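Have a look at the structure that comes next, please.
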Amino acid sequence: MRPSGRAPDQLRKVSLEPGFSRHAEGSCLVKFGDTHVLCTASVDERVPPWMRNSGKGWVTAEYGMLPRSTHTRTDREAARGKQSGRTQEIQRLIGRALRAVVNMPAMGERQINIDCDVLQADGGTRTASITGSWVALHFAFERLIKEGKLAANPMTGQVAAVSCGLWEGTAEDKPFSEPQFMELLVLAKKGIVELTHLQRLAIGKA
Amino acid sequence: MRPSGRAPDQLRKVSLEPGFSRHAEGSCLVKFGDTHVLCTASVDERVPPWMRNSGKGWVTAEYGMLPRSTHTRTDREAARGKQSGRTQEIQRLIGRALRAVVNMPAMGERQINIDCDVLQADGGTRTASITGSWVALHFAFERLIKEGKLAANPMTGQVAAVSCGLWEGTAEDKPFSEPQFMELLVLAKKGIVELTHLQRLAIGKA
Amino acid sequence: MRPSGRAPDQLRKVSLEPGFSRHAEGSCLVKFGDTHVLCTASVDERVPPWMRNSGKGWVTAEYGMLPRSTHTRTDREAARGKQSGRTQEIQRLIGRALRAVVNMPAMGERQINIDCDVLQADGGTRTASITGSWVALHFAFERLIKEGKLAANPMTGQVAAVSCGLWEGTAEDKPFSEPQFMELLVLAKKGIVELTHLQRLAIGKA
Amino acid sequence: MRPSGRAPDQLRKVSLEPGFSRHAEGSCLVKFGDTHVLCTASVDERVPPWMRNSGKGWVTAEYGMLPRSTHTRTDREAARGKQSGRTQEIQRLIGRALRAVVNMPAMGERQINIDCDVLQADGGTRTASITGSWVALHFAFERLIKEGKLAANPMTGQVAAVSCGLWEGTAEDKPFSEPQFMELLVLAKKGIVELTHLQRLAIGKA
Amino acid sequence: MRPSGRAPDQLRKVSLEPGFSRHAEGSCLVKFGDTHVLCTASVDERVPPWMRNSGKGWVTAEYGMLPRSTHTRTDREAARGKQSGRTQEIQRLIGRALRAVVNMPAMGERQINIDCDVLQADGGTRTASITGSWVALHFAFERLIKEGKLAANPMTGQVAAVSCGLWEGTAEDKPFSEPQFMELLVLAKKGIVELTHLQRLAIGKA
Amino acid sequence: MRPSGRAPDQLRKVSLEPGFSRHAEGSCLVKFGDTHVLCTASVDERVPPWMRNSGKGWVTAEYGMLPRSTHTRTDREAARGKQSGRTQEIQRLIGRALRAVVNMPAMGERQINIDCDVLQADGGTRTASITGSWVALHFAFERLIKEGKLAANPMTGQVAAVSCGLWEGTAEDKPFSEPQFMELLVLAKKGIVELTHLQRLAIGKA
């Protein structure tokens, strides 16, 4: 059994707190155990030139860690003058995950910027970010409906993410076999079922 | 009377919540009304080469705003690849303010990095940052005492900051007279008295 | 049937040409149809400070596209002053894939830099890069053996990559079901069997 | 008495030489003792998009030091690829100081760029820059009047700056008391009276 | 006699292979001995704003080296975040050399981007780049003629380059005399005659 | 005859003013007509690691223009965050020109940094920079002799530069013939004779 005392198929304590941010159209503070991520969704009606008259919208994401969200302090990316490869990889993943469940023509010619900022890190920040961002994005669309700018929510499904101990950590120097992969897939699906249930609770539709 | 309904000499609701961050040696979530800043103090025992054998320590500060801490989204400085002039000016101010009340030789050859990250902004982020950072810094020194690395807290006084409506906003195109300046000084001192009292409460010494 | 006239389970014409580069310790020009990638493996005996006395080596990768490798010209990343998120994501993927099949302590305290430069692009550059880099890496280790610096090749297995039309392209706005995923897995395994056979031919061990 | 032999309320030898630069609409070489700063004011009629139809102008400033203006050579900021925090803080200060004495609507929809370049440094470069820039700015406006583009000079007052030995140097680790502050204020006012007199001489209005 | 066994007035083995690149409007793989450079010419019909209605075109060049084109690996400029002074100097030289033989009004309002990417380096990369780029540029213009966008090829002459052992290497600390210079000029002209003949062969006009 | 009224073989009015800068080991303000360049030579005894125990010194150069040295204001390179290709090309040229007349082993293991900063530009800044830098460099070596760090001046000759109207301006679209080149060479030599005479006057050795 792992140091944390959790069973292999047991998620850390998860909480989703929508409306954490006063200014953002949608927001959610997500906690996966000691990992805390503030997810906000910001609507931008001024679309970039290449999007004009396309009849489609866009969802994009950025990710960052507060310098002392980590056990020892990490250099501030703004001070170093560039985002690390890790940061870029994660924010691209978040954007792709969310775009997979949004009907782009239905959201209209506008862009939604997702920001995932890690206030405290204890592993699994990318999965927490995806899970919390979905909630923030949902509320941003609801706001657009309330303002009469959208007739219906353009989200076509839910997206949540869970790691099974192989995405981060020791996986690199020890690939896993196909049966192991299938076993992990079962574990992951169990976790996803729990997370999507919590997401529905968070948006008041459980 | 101002839109907020506050009297001219009345501070916004201020709160100081120490220990907000799990990892940092010292931390404080400071709220000046709807302005929320997370201040952390991180001890770095590996001093830069130019500090070795100097017999002195150093305190430095960095400042950042979450992209959607503001009313409309601000570009992420890490994505733009550099810190704005405003950011640099503010973080230099915070560092100078704190160094003014620390006995550098007494803190030993180590560096303390202060990080002030604005989670939500509604004016006065630099004054909130200074006020909260002092509390975070205090606790970082206390931690060093507890670990036997320092015999006494090297802070020589308190530092807090308040703005009187002239630092930010309309001041630029309307300089003020000397009598006005003296009047503002009185107001500011009143505010500082309140803030330093709250700081002492926060560190359990009021 | 696709415009190319290939069957769903048919790879594009693949070729692996080792020793393409005169200077590199290991190299391979890989062609997946009209996608041509030059992969080199460069041995660096001067390990970074954090690796010294660790008893381990490291393999890392960088990726780039010539500006006119693409159908219309793409801006040169060196001129723009930074690598795109896509580039960073791909080079991290290549590095991870290769490290998964190398015994780090067995390769000694040295670093091998993999460079994957796309001379001509027609889709699938990341899978071609992984497949060709494995060959280049193999020959770099063989060179170290020949020079008496290693007793045996520290590679623990083969790694190759194939895309099934879902990684790039339309996948974003249309997630696939679990049965579809399983079907794709079968296709992918078939492709991998072919590629690993070609890799063994290229290193003279088929 | 200080090493320089000056009395506590005595300024260093100050000179203001307008028209130093052949190309600039306004210019002034200012010397505060061995500190020499070349200040130029450049009129830009092409205002940025956000200023169009605002009915207002803008004044902004940039500051730089020649690498060997200092006692030992300082790295060139253009070569390092970014301006230091100190540079940014100073140029923001210069811009704010000048904007405080310009009637923005009266100057018309144009921007004036102030450049303060330190040819030789011996302390007090920021105060010299502010004092000299005011003269350069004055002449830029006079040029616009001569060209028939402005009916009157839109400057609403003078601005000069003096340091009292507390802004730079030992102030950091030794805050000063309120009585000390008041005493310094008296000294500063005396210096400002002298500097503004020299400014009026420089523009031919003393 | 030099290690290579060549006579003082003998060029290395030169080859020019047009059409190497599938996508580019014009391309040429040039080999000067073991120095291999891929030159492409890309037509851009969207001219920058300052060129519109000028009635003229423009030719510009960029240069890069693959990291392991050199004997030991060179850092990737895209990863370092900027082009070296050497790179910038060379690409400016290539651009100037080509513009000297193009009639800018005759080429119409379009830009041609030359990319010279060194696949393998063994000295003389800049001279190889100029020589090969001329061929690539020729074919880009021919393509425009074939597409009916140009009536005739706007090139006014040929340009090729050769180094005489003084441009790179020991020249720095040993300037040469005027008679030596004249002698080298004779050698260089001989080499240029050979190269321009090979260029004419490459474009089918020898 | 040219607009300036000068004969074809007549230099602009040239002046060389050594000792312009108070701090630099060597300095010279050079004026070629309305082109004014401040050249400084700074001795750095802390050589970079790769130079230690090489038994040789190094001379390098940097070049910059004040933003309003030009007829209309040019963006500040430090603010843009990088040096232009033109700047890099010029500073490399200056460094090479000076190194050609310095005996590197004789100057000892130290580096001299040349800074050429254009205060006012009216064409020919690179030739003025080379000519003035030689004087600055001379005095830096003399200083080292006076301080007992060198026994003799390690300069092996003089270097000056003149442009003949073909390096900058219309040369690009109109190459010149060999006879024209020879004619220009004669003109250039005449100018160089005058400049080197002025250099010897400036160092008190005419």
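Quick notes on this one:
For clarity, chains are labelled A, B, C, D, E and F in written order, and residue numbers in each chain start from 1.
Operating definition for what follows: a contact is a pair of C-beta atoms (placed from the backbone, for glycine too) under 8 Å apart; a residue touches a chain by one contact, two chains touch by 3 or more.
Since the model is a prediction, treat every value here as computed from it, not as a measurement.
With contact taken as defined at the outset, there is no chain that touches subunit B as well as subunit D. With centres taken as mean Cα positions, subunit D sits 57 Å from subunit C. If you average the CA atoms of subunit B and of subunit F, the two centres end up 49 Å from each other. Shown for subunit A are the residues that touch two or more other chains, namely 81-82.
Because contacts link each chain to exactly two others and close back on themselves, their graph is best described as a ring.
Beginning the circuit at subunit B and passing next to subunit D, one meets the chains as B, D, F, E, C, A, using touch as defined.
Taken in their complex, subunit F has these residues touching subunit D: 21-24, 27, 34, 38, 40, 42, 44, 62, 64, 66-73, 76-79, 81-83, 87, 113, 115, 117, 119-120.
Subunit D makes touch with subunit B in their complex at residues 82, 85-86, 88-89, 91-92, 96, 99-104, 157, 171-175.
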